[in-house]
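Next up: some structures, all given as structure tokens.
One chain, subunit A, appears in both complexes that follow, with subunit B as partner in the first and subunit C in the second.
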Partner chain A sequence: MAWARKVLRVDLNAGTCTDEALNMDWARRYLGQRGLATKYLVEETDPRVDPLAPENKMIMATGPLTGTCASTAGRYSVITKGALTGAIACSNSGGFFGNEMKNAGYDMIIFEGKSPKPVYLLVRNGDARLVDAGELWGASCWDTEERIKAAHQDPLIRVASIGVAGERGVKYAAIVNDMHRAAGRSGVGAVMGSKNLKAVAIRGTLGVKVDDFAAFMAATAAGKKVLADNAVTGQGLPTYGTQVLMNVVNETGALPTRNHQGVQFEGAHAISGEAMHEKRASDGKSNLITNNACFACTIACGRISAIERTHYTVVDRPQYQKASGGLEYEAAWALGAATGVSDLDACTFANFICNEQGFDPISFGATVGAAMELFEIGAITTKETGGIELKFGNVHALTELAELTGRGEGFGAEIGLGSKRLCEKYGHPELSMQVKGQEFPAYDSRGIQGMGLAYATSNRGACHLRGYTVASEILGVPEKTDPLATEGKGGLVKAFQDATAAVDSAGICVFTTFAWTLDDIAPQIDAACEGEWTPETLLEVGERVWNLERRYNLGAGFTDKDDTLPKRLLKEAAKTGPAKGLVNGLDKMLPEYYQLRGWTTEGIPTNETLQRLAL
Partner chain B sequence: MQKSLHIDPGKCTNCLQCELACSYDNEGVFNPAKSRIKVFTFHDEGRFVPYTCTQCAEAWCMQACPVDAISLDAATGAKVVSEWLCVGCKVCTIACPFGTVNYNADSGKVIKCDLCGGDPECAKACPTEAITYIDANWTGLDRMRQWAARTDAGSGAGASASA
Partner chain C sequence: MKVTIKLFALLGEYLPAGAADNAAEIEVADGATPADVIRRLALPRESCHLVLINGLYRPPGERDDRPLQPGDVLAIWPPIAGGRD
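So, the complex of A and B:
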């Protein structure tokens, strides 16, 4: 129960769709979604494969709780080798697509090969077929969703698609579902585009069962009460979304500014969650229209925003005057602080374009920030940018580059390379703020030391969602640690990484862990799934998944030399705020971390560790 | 006291917990497609609106049914479909001006909200009180109170001036 026990395998070379039974031995060891799909990928592909080659596979996977009434239980993930990183990629999305996949009778869909021509996959209750997408090629994610629903006369179909960015191979292209939810990071959309797969459209009405309904209803009700009673999940996130963090992190001195040159942004308030609530003088309306939940989510942190109709980005462009997915914290930081832009509506517009054409606003904004620094030091000029004055704070440059990048045109094609390739191309690799090719999100590791270790060791490159020690170091969840100290951070990072890997394998949202511990989560999984699931078994699953991902990356050619940070964070001290004078102390944390992981000093899991985890 | 479902779309977040609760109570599985209450998304306006049967006093569906399969539950005021009597002719789905009676192809019968016998699961599951189950005679009370507060806004200032 909880698992549909069925996998859909789509051979894009042959154009066939085949059902097969879910490997339940693996399900019991890897749970679902992130863990289980990674197991399938590891077993079926060579880690040295070119991410954009037909031999790379792409898996869309739900967890056992996906589709149930557990709070936030609508998640799905895309697992593949990342186009941006060449490392294991696992991008998680909310909205309503994951629930629909489970209701159509599938735990996961494995895409292999490459279609000779553009296609989309149509799935209805166990009936799957590939449909010609020649007419859709070149369409945005927004238009693709609308046109597929119209073509099948079914407004209730759920669609996950790539936009032009994914077609053109933007290295950080995303897969967008439900208009503005995205499997956003690591370039999973570029992998989908390389397979000539435009979209996956699903309608499912079969229903989702769990093992013990009575116990499940009790456990999920208890879980919902914990979320409602918690200050972060019950008040902060519904009111301000993740944007509740903007002013807090800025005051902490951990808001990376202008390509990590600074750690505090003078324009932070203007692009904050509070600012999204403020009524404009001109029309008396606020940027924020309402908050919005993903499937089954009782937190509802999502933002629905509308841009002021007279703003330069939307004048005479009615399609952008409508309400749509607004800024969450990471996007607001990347589009704003990283580029020195403090125009809320311009950042919202750039975010709309990221959703419309399907690319990651974090990597995009961070890459624009890097390009701005290249421009300011003269490494690139208006000759390369096509006339764009690419200076920090140039709001028009930001919004124009969003549109160009989404279409893969002009200098946008270069921004679409990501900061690592861009900075290497123009002779300044040290200006790229990334780990394993993936740009940092919105926390400066000089002001939040544990995040430096979390970034350096993240299996999908720099990422906040692999081990969010911000919760402990800033918010005091589950207990407060000193953000400026390095002591004990090895254990803290490991604990967050393992727990998160388990949560990501279950079908629920990691944001629940602002309030839930594994003690809250385990009873819900235990009631839903056969077998015995405890906090201890979940931690073991998490650690197993982490090591499986690590081994994939080692096989792909990564070494301990890649568990590092850019020189700027290790050598250039923070200039302002509580972390003034500090660099990140990665060298003090990494050896302890390897040791706690049961890895050699070269970062390789020992035989003993592999045996302990039954790998 | 007769109660009725009261829906305040402004509080709805589109989480679909109502649909999950309804489908579980009626079908024994989590399946929004089989829910008697449905949340509609008006994406471009940022609005989410739960909608279900309002249990009309002079119910079109009940009057149209040729086999008297829809009857009044006197305790709750709900119009209830008898699975035994329903022949699946769908005349009620044509008669209902609001579209809240629907045919279920799996069972060959129609389905509609029956207020769960007086303890609606959707209202209990709603995390934001967008759906409540309240006194049928005073569904407007909260809205009246809000406007009353505005109407009376001047008197406080007047009272303090005269004191």
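So, the complex of A and C:
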């Protein structure tokens, strides 16, 4: 129950679609989505595979709660070996696509091989086939979605697609569904592009069965009440989205600025959630039009924004004058503070382009920030940039590069390499702010010490969504810890990582955890699924998933040497704010973390740990 | 003495006239505490959840007795940004 118990296997070499039974033994141990799909990937592929080779597989996976009426239960994830990182990639997306996939009768879709020509997958209630996508190749995610709906005369088909960025192999290309929701990080869109797979289009109306209907309705109603009564999920996220964080993190002195040269941005307010609400003097309208919810979500943190019609980015370009997916905090930071740009509409435009052509605004903005530093020290000049004055704060450079990167043209093709490859190419690897090849999100680990450990040990490279200790260190959820201290952070990071891995395997959104603990989540899973699901079993699943991902990365060639941070964060102290004079104290946290994980001093899970977790 | 007050999210409504970017410089009595400023601006006490002085967290129990210093920045958010008692 809750699981559809069915996997769709798509052999792109042969052009065939085959149903097979879900391995229920694995489902009981890995739950679904992130955990279960990782298990399939580990069993079916060699971790040393080239991410862009046909031998790499790409799995779209839902969780057992996906498609039910539990709040936020519309999530799906894309699991593969990441094009950006060469590590395990698991990118999670909301919107409505995940629900559609589950209601079409599938827990997951496994793509293997490479199609000889561009195709898209069409699925309708258990009936799947590949369709020629020759005409769609070269189209944006927005056009692809519209044209597939029109071709099948069905506006309710849900589409996940790659744009030109994914076709051109931008290393951090994303898969975009429902116009502005994305499996954004680690380059899952580049993997999809390498398979000549343009889109997945699904219509599903089969329904999802739960194990104990009465208990499920009671548990999900109780969960919704907790979300509604909590100030963060009931008021803060609907009103300001994640953008409520911009001023908080800046005041705390943990807002990485200009490629992490600073920790506070003088233009932070102009790109904050508060600024998105302010009425413009020119036309009396605000950047924010409304909030927006993914399937079944009772939080509705999504932002829908519109750019002032006279702004240089949209004059004579009506397609960008419409309301569309607005800035979330991480994107606003990367497009703004990381590049020194404080023009809200320009950041919104760059974000639109990321959605339109399918690439990750975090890695894009951070890479532009790194390129700006390369330019300012003279490592690159207008000769390399094609005439672009790539100085920090140059708003025109930001928006032009967004368009060039989306199309893989000019210097945009180099920005599409990501900061690690770009900085290596121009002789300054130390200027790339990344872990395992993936750019940092919006928290400076000199000002939030635990995040340094969370980044260094994140299985998919630098990421805030693998262990969000910001919740505790800054926001006091579930309890306040000191962001400037390293003591106790090993345990804190592990607890966040394990709980998040369980949430990501269930089919719900991690933002629920501002209000929900596993005590709120377990009864919903327990009522939906057969078997006993308690907070303890969920934590065990989370820890098992974490170790499974770790073993994949070890097999792919990563070692404890990769559990580190750029020299800038370990040697150059913060210059302002509460963290002034501090570097990240990773060396004080990492040994304790390895020990708590039951790993050797080289970061390898011991036999005892593997046995305890039945791995 | 002068201090800077920053009121974010819905607390922005309580900023004095002339404030910009959610911030204003105000004159307070020497030795004024965060609690004094919260009273003076008529901020609902239960809405003052996350309180930072110069970016450093000030727990609820320490808002009454520790005076502000000239030039301090007092930043306050309502519970929507987290911050537990």
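The rule is short, and it goes like this: the second predicted complex is superposed on the first by the 615 of 615 C-alpha atoms of A that agree within 3 Å, B and C clash if a C-alpha of one lies under 4 Å from a C-alpha of the other, contacts with A are read in each partner's own complex, and residues count from 1 in each chain.
Just so we're on the same page, contacts are C-beta pairs under 8 Å (C-beta built on N, C-alpha and C of every residue); 3 or more make two chains touch, one makes a residue touch a chain.
A quick note: this is a predicted structure, and the numbers were derived from the prediction, not measured.
**Q** Could you look at A:205 and tell me whether it touches subunit B, subunit C, both or neither (first, second, both, neither)?
**A** A:205 sits against subunit B, while subunit C stays out of touch.
**Q** For A:215 in the superposed arrangement: first (subunit B), second (subunit C), both or neither?
**A** Neither: A:215 stays clear of subunit B and subunit C.
**Q** For A:131, is the partner it touches subunit B (first), subunit C (second), both, or none of the two (neither)?
**A** Neither partner.
**Q** Does subunit B (first) or subunit C (second) touch A:298, or do both, or does neither?
**A** Only subunit B is touched by A:298; subunit C is not.
**Q** Between subunit B and subunit C, whom does A:324 touch in the aligned arrangement: first, second, both, or neither?
**A** After superposition on chain A, A:324 lies in contact with subunit B alone.
**Q** Please work out whether A:52 is in contact with subunit B alone, subunit C alone, both, or neither, and reply first, second, both or neither.
**A** neither
**Q** Shared contact residues on subunit A for subunit B and subunit C?
**A** Dual-contact residues (subunit A): none.
**Q** Considering the complex alone, what residue numbers of subunit A touch subunit B?
**A** The touching residues are 67-69, 96, 99, 103, 156, 179, 204-210, 213, 217, 224, 228, 238, 289-298, 300, 302, 304-306, 322-324.
**Q** Where on subunit A is subunit C touching in the complex?
**A** Residue positions touching the partner: 231-232, 235-237, 239-240, 244-245, 247-248, 251-253, 269-270, 273-274, 471, 474-480, 482-483, 514, 577-578.
**Q** Applying the document's contact rule, which stretches of subunit C touch subunit A when the two form their complex?
**A** Touch residues, subunit C against subunit A: 6, 8-10, 12, 21-23, 49-50, 52, 54-57, 59, 73, 75, 77-84.
**Q** Can you check the complex and tell me which residues of subunit B touch subunit A?
**A** Going by the criterion above, the answer is residues 13-17, 20-21, 23-24, 27-34, 43-48, 125, 127-128.
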